[in-house]
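Chain naming follows the written order as A, B, C and D, and within any one chain the residues start at number 1.
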Amino acid sequence: MIQSGEFFERLKRMRDNIYMGGKLLRRDDPQLMPGVRVIMLTYDLAADPQHKGLFTATSHLSGKEINRFTHVHQSPEDLMKKQEMTRVGIHRTGFCIQRCMGIDAMNALSVVTREVDDAKGTEYGGRFRAYLKHWQENDISAACAQTDVKGNRKLRPHEQKDPDHYVRIVERRKDGIVVRGAKTHITMAAHADEIVVVPTRVLTKDEKDWAVAFAIPADAKGLKLVNRASAPRQRKHLTSPMADLGSSDAFVIFDDVFVPWERVFLAGEVDFAGRLALLFALYHRHSYCGCKPGVTDILIGLTSLVSEYHGVEKAQHIQHKIADMIGVGELIYAAGIAAAVKSEKASSGTQIPNTIYANVGRRHAGENIYHEHNILADISGGLPATLPFEEDFFSEETGDLLNKYIVHSEQVPAENQHRCFRTISDVICSGFGGVWQLAGVHGGGSPIMETIALLGNYDVAQRKRLAKYIAGIKE
Amino acid sequence: MIQSGEFFERLKRMRDNIYMGGKLLRRDDPQLMPGVRVIMLTYDLAADPQHKGLFTATSHLSGKEINRFTHVHQSPEDLMKKQEMTRVGIHRTGFCIQRCMGIDAMNALSVVTREVDDAKGTEYGGRFRAYLKHWQENDISAACAQTDVKGNRKLRPHEQKDPDHYVRIVERRKDGIVVRGAKTHITMAAHADEIVVVPTRVLTKDEKDWAVAFAIPADAKGLKLVNRASAPRQRKHLTSPMADLGSSDAFVIFDDVFVPWERVFLAGEVDFAGRLALLFALYHRHSYCGCKPGVTDILIGLTSLVSEYHGVEKAQHIQHKIADMIGVGELIYAAGIAAAVKSEKASSGTQIPNTIYANVGRRHAGENIYHEHNILADISGGLPATLPFEEDFFSEETGDLLNKYIVHSEQVPAENQHRCFRTISDVICSGFGGVWQLAGVHGGGSPIMETIALLGNYDVAQRKRLAKYIAGIKE
Amino acid sequence: MIQSGEFFERLKRMRDNIYMGGKLLRRDDPQLMPGVRVIMLTYDLAADPQHKGLFTATSHLSGKEINRFTHVHQSPEDLMKKQEMTRVGIHRTGFCIQRCMGIDAMNALSVVTREVDDAKGTEYGGRFRAYLKHWQENDISAACAQTDVKGNRKLRPHEQKDPDHYVRIVERRKDGIVVRGAKTHITMAAHADEIVVVPTRVLTKDEKDWAVAFAIPADAKGLKLVNRASAPRQRKHLTSPMADLGSSDAFVIFDDVFVPWERVFLAGEVDFAGRLALLFALYHRHSYCGCKPGVTDILIGLTSLVSEYHGVEKAQHIQHKIADMIGVGELIYAAGIAAAVKSEKASSGTQIPNTIYANVGRRHAGENIYHEHNILADISGGLPATLPFEEDFFSEETGDLLNKYIVHSEQVPAENQHRCFRTISDVICSGFGGVWQLAGVHGGGSPIMETIALLGNYDVAQRKRLAKYIAGIKE
Amino acid sequence: MIQSGEFFERLKRMRDNIYMGGKLLRRDDPQLMPGVRVIMLTYDLAADPQHKGLFTATSHLSGKEINRFTHVHQSPEDLMKKQEMTRVGIHRTGFCIQRCMGIDAMNALSVVTREVDDAKGTEYGGRFRAYLKHWQENDISAACAQTDVKGNRKLRPHEQKDPDHYVRIVERRKDGIVVRGAKTHITMAAHADEIVVVPTRVLTKDEKDWAVAFAIPADAKGLKLVNRASAPRQRKHLTSPMADLGSSDAFVIFDDVFVPWERVFLAGEVDFAGRLALLFALYHRHSYCGCKPGVTDILIGLTSLVSEYHGVEKAQHIQHKIADMIGVGELIYAAGIAAAVKSEKASSGTQIPNTIYANVGRRHAGENIYHEHNILADISGGLPATLPFEEDFFSEETGDLLNKYIVHSEQVPAENQHRCFRTISDVICSGFGGVWQLAGVHGGGSPIMETIALLGNYDVAQRKRLAKYIAGIKE
């Protein structure tokens, strides 16, 4: 494990390849720092003795204590710990902790590299373990790049007019491969050490060049990150933990990037592309079962707080809405627990969460985020949308007047009222809030993807047999 | 364990005290037999070797194999087995398996009798264990009678104009107590060996006479069961597993019933009345987390079947609705698993499910049953409401014509079409179906009760602190 | 206009052709009388001076006062009056008033017979007016038979293995036609004077034999009504307006029925079959916009009443649920008003409601009926499912005890409590209630049919142009 | 009627009293111009001959053609025209047209000034008509300032620790009154000619100083507007109609503002304060019944467009979601039509919309806006949240690559894809979008306010009587 400072230093040493607003930015550009701080927090939390065993784990490779964000799960308990760690992480940021995606990809790779080897006699498993060792020793933070730009949705990868619309191998060399294409929606790529790339879908035998998985430094040659940073409106006076944090999503362009063989984990084994794609999605949906309840905790807290400040905390309709939110958050968390309890061990020894439960959990999250925001909006009233900007509360002309008028009761100082509504405004009424609202639907897989996963994996036929049985219909 | 036949013989030997439709009925009256058959099934399932370890358990008292419906849970695994057993039971009936309520009451009593003893030096624990031994040896089926008639909802028990509106002790004798009052909504009382009585609410120190728990034979002197039996419309030709089954709910009147001390488990310890009431509810809500997914399995199966018969099984909107139902059933089941994983051990050794998860699970069930029925109704079309009666399909005048016109395709014989729609009609469009629709809301505690339980047990204040933390509000 | 007694006498004189439960019934069989009484009520209401102008109208043919249930709408006001009449009718029954379907079919026929004549030079319009005159003079009650049994849903009528799976002309004679087939879900056919038959769908040029519309006496030779009557469980002591009423749905079999030309309104003009099918649906959906708010009025009333009896009428969560129901009912009613305001005049002079508004209204009804029942169920508690039968409240053994225990407060006598819960049990927890719950989804067209109608008629392309406009996308 | 240019000139001549971000701004500050342009559009639309009779009306005072935004409704048709005008206005902006609030306040004042005169012999009516004449002649744009800051929600205005927490008269002079206090959430105040002030609630006899209504120029002495402007992120290349528009909400501080008597419309008549407050709300909720369907039109259009660009426009689940949105928009519009049809004429001659229908319509809007955004978000996918900024599409380093990868099919040029997603990003994933999402809940009154209005005005008791009638319960 390393210190957050070391991580930051490492980041600053990277090659500049982040583009935003038409400019090439350094990785410590003020616009990027809110996101960087979130990743730094994941190092700080692991270093905090009170989180020992939660944010840390024991490596099955080295037996050493490692950051759990670099751990490959060995048991149902590991899966539950990951859920809990994610939830606790959200409690410190108020939104996405971001670092889960890299380790979710690593867990999927740990399973599939071994399965490919078992099936084909390849050597991906050994390569992967060596890479994992590097991860654990260096406490690597990585983004996972999965979603291709996809071009025409009705055509398969190899049928696209532009074959680059799915990331593909354009050259196979003795020392490695060269890849081209673009991945979209890549959260935290701008503040990651590395980028782990996995396929986005099931592939057919004509699509060997698209069956590719690998890892590269986030500043690799040929790699361009066109980034969109999101953060609350910057504050001068009322700093707060959440106000200083943020996130980034990158459009990651692989403009002929070389990847040495030791970092290539799939290269042409089309029959395993879908397995890998779905396994990453599965781990990530399971992570959501820890993440989303943490977000709900924050939304419950804000709802409860603003209703207290309004003096209506005890009103039945507010209490019932809070109970609704409890139901949402805890059903999702329960689904994660059930996915861990019903998990299975892969041939690699990695623990794989149950598909049905991880998907019903993630789906419930995606179907309820707007509803939860709606509850908070409903109870907050209109002020998050119309709150004057921070500076006006501190200007000579208007500061005293605004503070005079924003007070509700003697119990709550004007500044706390102000902080409460400004934070809610950040959460439900800002570009930053809008990003996380949408991510609540689509991050880690949209509800429609979970619906498809459920319909593909649930034994509906057995239920039909039950129906025939009780109805006395002979098959 | 005993055979279902023995149970039935035992039932037939009981004193007649079941009133229905203005008449006094024998326990094997044809109107009651559908419900009796459900209880008999719980013996048959335990006797079936394929369900060994699921419908059976090992008694912690005797070490012998017992019917799991008489077992006091000793571990999280026991709680999960109970869930699974209940779900599998539903798969054989298509609706409520009924026998869970008695054992849920026994588990609650196992905890509280010991806690009272610990606190007050009473001897309820020993009595209870003796009674449990009787249960396990004789494979007792019992109803649990909890809900008092309650009179004026705004007054406490001791404030009621008629003090009998909550069941109470009217006389304390050397050999036992005499109780008076009435309990309502008592499922399966008409086909139970015994009735276990627990309080319905928290009590105050003025309410010693109402703090009473005990067990009595269902035909005890002074006991009147005014019963309402529910079953599908009786069939002559198209018998089926579900068509032969049914249920009963009794209004149980204690018209000065004597209970010997060895069957009294609480008598005046007001501070434990609420604990017992809530614990029974908790066990029963956890049972619901196994039961309801079983009901959903049947509803999914019927929806899938009828859409196949309509030839529209693959339609996206139908598939998505089935995914909705999967989500409902499996989130509830996951909540039950989480309640088991997060369960705690009582001083008696009994395992107590987690309150939050059992309640979010049961609440989700209660809030979705109408929605699930709506889906099945939506996809079935109007025929479940307008299907001619069975006899018309077998009469000379109309039988051939109806069979000619009910056919959809050559793949599905007229009789199967008929059976499919008749079963759906029983489930969503009959008095029997209406009872189980309403029971889906209120059985085991209405959503509002779970809302109250959640709001009383969830640490909302902690979430508020999280909100203050991210907003930078100092407490 | 005639008296209800005359109608009843007319009914009793009809040939017996109603089959139910394997028997041939007279039209005044006790099982059928609950439905007969509903139709009789439609005569009584028109005869009541307080409803003059609402349940009556002025015939555009004769200028005489007629029952509005025999009126062809001439203006938006007529359409609004029909809505209001329907709502007020429901207030007297508590559920479906049933007689609207016949007049909805007549309105559709009034439009289409003229349009066919305009297009093809046929003489349907004159025939129809003569038939309408007969209707208005004799105050005819008619069922409308639309829904064919349809056989294989993937095949068109002329492709069915059994061509009778859609009602069709099997012979064209000099004096009329002979028809064969079956119509399903035909409400009130068993207590109607006549049956008006219209096609169920759009037809192609190969389907001339299926393009048929006509009217026949409900006891015509060759006609068999296999009926399913629904009514609350019969009462001996606590009679009430709703308890005496009921409904019937028939499976109507045309076993080679002769129809004289003067009663044939379409016979082979395939290009107008769909128009007629959709127009009947449109009028009927508009009727629903009056009917459903009446049902909601009753559901609001019962919810309000039971919450008063429970002593919780003022509770915020109950008040909010009542507001939800107000929203449902009045949005539907508003849609009906908008459909009238935006209605158009046909070439025949008949007023046609707006398609979009009639469909959004009916769709909202169909999507909310389960939700409304859920609210009533939620607030009633479990008693509607477990209430002992009426006789037990009047038996010597149990009557006094039940009355003692059912009382909540001195303000509400036991009988009123009893009546309240028994009525709710009839509405949400009985076979009768189940029929009307399902009919709330499918009667007059299922939500999916309205969805299809909306998608077919709404100018989505215009909205897309608006989106392009604001986005600056040139077309 | 005047030209938009004249309005703009007028605006620029006003005294600077707009504070934002700690600075004093001119009214044509670039940050304010997006909002100014919306108001200018309301003049342009009235000047456009194609909208004659829709955006214009005939003054009942002068008989001249006026901008309908200055018209006092004289008939149900006027109310429907206002709805339609608002909807068409939204079609040009993509969001709130803003100018409705002023005229809604004027309509309310037209009614109440007369009613006060009738009751008390005051002379408000004449003053108001004179002021209205000024409005119509000068084509005045005004904000309406209603919502007080309210201080402690549990105390009445006169009980507040700080009496200024509701706007009040602090001095009554011969020539007028002096007012102090603050109004919050005042949309368009920063680009209005005038501000019309009305009370926020029902008042008691101790609250004469708070019973005040008046109109003042928006730059009146003592008036400070602390403003929050909202607009899409400014574009350099891809300008579009919506991208150039925006809105403002002001915190309006009355720091001892003098109002001459001819502009005072209520001053102490406490018994009419509530009437005025509710009437403004009523007119504004009726306006919402035109506005919200316009917003839904845009949301439908964007959903339809993005699904076309994704190549999945015909997918059933997308079509059904579009039908859901049609249902939402048109039920609201229907409620507005019904409110007009069932409107009543005030003693002043002004037409007052029906309370029930205006409220069920507005409530449906407020309860569905998040749901509609959710649909658009669901179908758009994640790109609105992660779309690189505009400049990156036009930079040398990344422009070509982004355009290469954003293309889905040859039919849709990269720029159109880009425009489509950028617009959706503005609508659902930006601070601007968040403001209008929240305004969709609270603007014109939150759903809870409409719930209260419904419960206060709906005749629930009548429905209870209907329930008793059908149940046979004698009152």
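As a convention for this text, a residue touches a chain if its C-beta (ideal position, glycine included) is under 8 Å from a C-beta of that chain, and two chains touch if they have at least 3 such contacts.
If you're wondering where the values come from, they're calculated on a predicted model, not measured in any experiment.
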Remaining chains grouped by touching, chain A not included: one piece
Copies chain A and chain B touch via same or different residues, half shared test: same
Winner on C-beta contact pairs when B-D is weighed against C-D: C-D
Distance from chain D to chain A - Cα centre to Cα centre, in angstrom: 38
CA centroid of chain B to CA centroid of chain D, Å: 52
Computed distance of Cα centres, chain D from chain C, in Å: 41
Shared-contact residues (touching 2 or more other chains) in chain A: 317, 320
Residues on chain C engaged by chain D in the complex (per definition of touch): 80, 91-94, 238-243, 297-298, 300-302, 304-305, 308, 319-320, 322-323, 326-327, 330-331, 333-335, 337-339, 341-342, 356-357, 360-361, 363-364, 416, 419-420, 422-423, 451, 454-455, 458, 460-461, 463-473
List of chain C residues in touch with chain A within their complex: 315-317, 320
Partner chain D, residues of chain A touching it in the complex: 19-24, 147, 149-154, 161-162, 164-165, 182, 184-185, 224, 226-228, 230, 233, 249-251, 253, 255, 310-312, 317, 370-371, 373-374, 377-378, 381-389, 391-392, 394-395, 397-398, 401-402, 404-410, 428-431, 433-435, 437-439, 441-443, 446-448
